[in-house]
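What follows is chain A paired twice: with chain B in the first complex and chain C in the second.
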Partner chain A sequence: MRPRVVVGKVVGAISTLAFVVVVNFFLFRIVNDDPVESMFRGRNLTAEQKERLRQQFDLDGSRFEQFVAYVRELLSGNLGVSLQSRRPVATEIAEALWPTIALVGTATTLSMAIGIWIGIRAGWRRRSRFDVGSTTFSMFTYSVPDFWLAMLALGLFSVQLGVFPTGGIEDAGSTATGLALLLDQLHHMALPCLVLAVAYIGEYAIVMRSSMLDTVREDYLQLARAKGLRDVEVRRRHAVRNAVLPVVNLSALNFGFVLSGAIAVESIFSWPGLGQATLEAIRGPDFPMLQGLFLLFSAAVILANLVADLLAGVLDPRVGGR
Partner chain B sequence: MSVLELQGLSVTYRTEGGDVPAVRGVDLEIGAGDTVGLAGESGCGKSTIAAAVLRLLPTSARVEGRVLLGGEDVYAMKPGRLRAVRWTGAAIVFQGALHSLNPVHRIGAQIEEAIRVHGLGDAATARRRAADLLERVGIPASRADRYPHQLSGGQRQRVLIAIALACGPHLLIADEPTTALDVMVQAQVLDLLAELQRDEGLAMLFITHDLSVLTSACRRLAVMYAGRIVETGPAEDVVRLPSHPYTAALAGAFPTIGDPASRMRPSGLPGDPPDPAALPSGCPFHPRCNRAVEACSTTDVGLRVSAPGRAAACVHVEPA
Partner chain C sequence: MSGVVRAEVSRRALARARRRVAWGDALGRLRRDRLALAGLAVLVLVALMALFAPWLVDDAGLDAVDSLDNPTWARPGGDFLLGTDHLGRSVAAQFVYGARVSLFVGLAATVLTVAIGTIVGIFAGFSGRWVDATLMRLTDWFLVIPFLPLAIVLASVLGRGIWNIVFVISVTSWPATARLVRAQVLTVKERLYVDRARALGASRAHVVRRHVLPNVTPLILASATLAVPISILTETTLAFLGLGDPTQPSWGKTLEEAFQAGAIGRNAWWYYLPAGLGIVTVVLAFTVFGRALEEILDPRLRER
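Up next, the complex of A and B:
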């Protein structure tokens, strides 16, 4: 890809993010003009006390002044103060970030690898027993809601069989450190991770399969076969190399939803990640927290889009020109 | 010994709508250094023959008769032997205008792959040979790191020729190698093929719908209609004095170069080629034939030898 094209895409991503900052700010001002009023509804606060609270949450001044202050603070990494915990939003988010990346990131990677593997084999031998079996499985897991799968898994493995903990990230009151702590956390992560992975596999398998089905008809596979290549070589070097392009794109885009994608499953397993934080912020409602979370989720999607675009340029010589 | 011999080759595609006979009993022989042209409209089965030679047909195709490459039955080979024979016994020049080149691999790598697969040299040797082959077909070796989309249609066709030559095959099958190229480029590609054939003493099976191309490039000619050879003989004779009305119509559809009068009156052929799944009774050509007689709709005559080396499948041909 030409450097000029790359720079153009980066600039595009940054402008999109700037647009999101603006919309994000005004969206919450439209939803609720005066959070202080609604937070302390029914309580007797003096006008003075309310004014102090508004100052504390940067709600004084005109709308425009508020926005300028917000952007200034944003650029220095300050996302405001949570209405619920009274702690900085940035700190709250940072704490919830890693559990989510560990859980959803692992599940996404796992399902991607398995799903693509399934899709390659199913598409290469259409209507084979493997194809029929795996496609039925993929369709099923693709259409089943992940929270339903989560509740089933919880009921079976944690409640009935008792092989996995019912929730949380570590045993309550645990004092373990180091390796013991890590193992305990992995034990807690296993079941939600498995549920998410199963829920995601179908999409990758189905998309990879259909991309393979388009590719197996291509003339260059006939040439590869005529040259004397083995079936596996034709598949790997010629078919998969082409068929995987749209799936790589999809995968890169899906990584953008890692942070925001598991709200339901996280809350079922009481996983202290961004999903649960989002749910609690909505219950509040905790506007500064929501605003910070939305901004982060948008940034992740924009970044993933940028990565997908750049990756396409690397993998497909036809993209980006010469 | 002949390089390629087809003995009663029949190919039937099994589809959900029933069996479709694409090739129906074709006999053909190509000796070392020989050039044979196979002509016919689209759908007459000529490309099916090209694929059948290297056993590249889909599994839904039923193949009967025998295909002998260098005397060896292709359909009796074990998989390993078949892979070894592909591209060394015979190689195919695919259509460059279509998507015969893999879009994500550099053209040099696509030539080298054939050399490496057949164990004809290490990476460095293969790279050198690929560079030589590109130069041989008239593309600067420095373009080896280009991708197919960066080349013109004519250049892509040349790359496909270079790929076909990679393993020094005994037979070159050119499957419509000039279709969808503009006329100037067509002539260049044809010249290149003729030159290669002469220099390397390659045997060649040239498949096209364009009779005028075949007369200059081939010694012998076989004209196909509805999955069968309907006329065969020395190329010049067949085109100049066709015995079969179909050959005459095909020859009349193209103006003769150097004869301005023929450009003024190109004679077309009415109607469409028959649907292989529902062939007409008797001679399959009779519904479109301007010389059809009553017997044509009931009897299908086989190839009749009219003169030494010449034969045609028509009731009007007097057996010699």
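Up next, the complex of A and C:
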């Protein structure tokens, strides 16, 4: 990929991030013109006290000055203070970050592997029983709200059968450490992870299948067969290698959604991650927390987009020329 | 359409006849697609159920105050076809009325999405380089910003209401339509017949109305059909997160209330099963029908 193209993409990503920051600031100010007023709703504060609070939260000065102050604080890593816990938003988010990455990251990787495998088999033998069955399954999982699937799984496996815990990240009051703690956490993670993986598989399978269908008609496969290669060999070394490109792109994009992709499912399993933090912030409503989460979610997706774009240029020389 | 065009056939009649043939061809293809027809049939059934909700169930079953005498957590059967919830309200009544909100939000949001997207797309396609570049930059920004978090933020800021949900969904999903329309405008704009119309003194409005819109309508129609299920799923998720209209029963709200009331722990499957099945059925039907429509209206996809 030419350096100019790379720089262009990076600048594009930065401009998107800047747009998000602007939206993030002004959107919350439209309805919430005076955060101090809504933060201490119903309490009798003297004008003097209000003024002091405004200074404390950088709310004195014009709208533009407030925005500049917001950006300045943002650059130094200060996302404000949560209205609910009165702790820094950055701390709250940092605590919820790893559970989400562990859960949704695992589910994404799992569904990617399974989905790609299904897509290859389905696209290679079009209209076979496997193709019809897997495509029906994919369409179905594509249409199911993931949180409803979570409710069904919770009702069946945790309540009725009792094979999995009903929620949380570890047994309440558990004092386990080391390996026992890890096993306990994996046990808690299994069901939500399974639900998310099933919910995501369809997308990968559909994209991989349709990419395979495009590749199957290519001349170079004919040539590979004419050389006398076995069917498996043609598929693995010639078809899949080319057909997998769009899926690599999709996967890179989807890793951007690891942080924000399981908001509803996390809250069903009371998984202490970013999703549950989002739900609690909605309930508040805890606007500084929502602002911080939205910024993080957007930044992750923007970064993933950039990576996907650059990756496409590296993997497929035809893209780089643009 | 070959052969000599006789002078007495007006051009307008000719265009109409040609359009009739094209639509007739599309209809014929649709009639042969059994899966698409099944999807359409399901959609008609659900739409009828939503339309005639007051005749099907008693809306007193929706209100907790009117349900004080009812048993709570009643199993299906007996007086209540699908049982009752934690407040004694009828689950069947909630299901039938919930279809109204889900369908309404899905359709209204899609109409608004398509309207915004089409206007932006046509405007960008016809304007000079700077306006076009600015609008496309904006479209790119909106395309990249994660859809659900933006919808959540907007919905929390705007407050809870059915029109706010419609607005939130359209504001977050117009970019795809805008890009589609702009691309089509750019190709149509360069066609010879548009040059000819221009040379004859046609205004920009005339070109848009007579040449651009007829060309993009089929594409818009197909992408709109596929946008409806996404809108429905978004409404459901927002309602589940507590951002739906508190005064209207919707399938997402039913699921939220079932979850909050502890229906899973109580094993009250009748409370959360129907609403979820309703969503899956409608979304699946729209997707199947929309894909068939897309294949019919976009010949490039036909070979698959």
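Methods note: the second predicted complex is superposed on the first by the 319 of 322 C-alpha atoms of A that agree within 3 Å, B and C clash if a C-alpha of one lies under 4 Å from a C-alpha of the other, contacts with A are read in each partner's own complex, and residues count from 1 in each chain.
In this text, a contact is a pair of C-beta atoms (placed from the backbone, for glycine too) under 8 Å apart; a residue touches a chain by one contact, two chains touch by 3 or more.
All of these numbers come straight from a predicted model, not from anything done at the bench.
Peer 1: After the chain A overlay, clash or fit between chain B and chain C?
Peer 2: Taken together on chain A, chain C would fit alongside chain B, as the superposition shows.
Peer 1: Using the touch definition from the top, say if A:Arg318 reaches chain B (first), chain C (second), both or neither.
Peer 2: A:Arg318 contacts chain B only, not chain C.
Peer 1: Give one of first, second, both or neither to describe whether A:Glu218 is in contact with chain B, with chain C, with both, or with none.
Peer 2: First partner only, chain B.
Peer 1: State whether A:Ser82 touches chain B only (first), chain C only (second), both chains, or neither.
Peer 2: After superposing on A, A:Ser82 lies clear of both chain B and chain C.
Peer 1: Quick check on the superposed pair: does A:Ile282 touch chain B, chain C, both, or neither? Answer first, second, both or neither.
Peer 2: second
Peer 1: In the superposed arrangement, which partner chain does A:Thr108 touch: chain B (first), chain C (second), both, or neither?
Peer 2: In the superposition, A:Thr108 touches no partner, neither chain B nor chain C.
Peer 1: Could you look at A:Thr135 and tell me whether it touches chain B, chain C, both or neither (first, second, both, neither)?
Peer 2: Once the two structures are laid over each other on A, A:Thr135 reaches no partner at all.
Peer 1: In this superposed model, does chain C or chain B come into contact with more residues of chain A?
Peer 2: Touched residues of chain A are more numerous for C.
Peer 1: Can you give the closest approach of chain B to chain C, taken over C-alpha atoms and in whole Å, for the superposition?
Peer 2: It comes out at 14 Å between the closest C-alpha atoms.
Peer 1: Under the contact definition given at the top, report the residues of chain A touching chain B in one complex and chain C in the other.
Peer 2: none
Peer 1: Could you pull out which chain C residues touch chain A in their complex?
Peer 2: Those in contact with chain A are residues 137, 140-141, 144-146, 148-150, 152-154, 156-159, 229, 233, 236-237, 240-243, 252, 255, 258-259, 264-265, 267, 269, 272-273, 275-276, 279-280, 283-284, 287-288, 304.
Peer 1: What part of chain A is in contact with chain B in the complex they form?
Peer 2: 218-220, 222-230, 233, 237-238, 241-242, 245, 315-318, 322
Peer 1: Could you please specify the touching residues of chain A with respect to chain C in the complex?
Peer 2: Spelled out, the residues of chain A in touch with chain C are 12, 15-16, 19-20, 23-24, 27-28, 30-32, 139-140, 142-145, 147-148, 151-152, 154-155, 159-160, 166, 210, 213, 256-257, 260, 263-264, 267-268, 278-279, 282-283, 285, 287, 290-291, 293-294, 297-298, 300-302, 305.
Peer 1: Along chain B, where are the residues that touch chain A in the complex?
Peer 2: Counting only chain B, the residues touching chain A are 51, 54, 56, 83-88, 91-92, 94-95, 98-105, 113-114, 117-118, 147, 149-150, 160, 163, 166-167.
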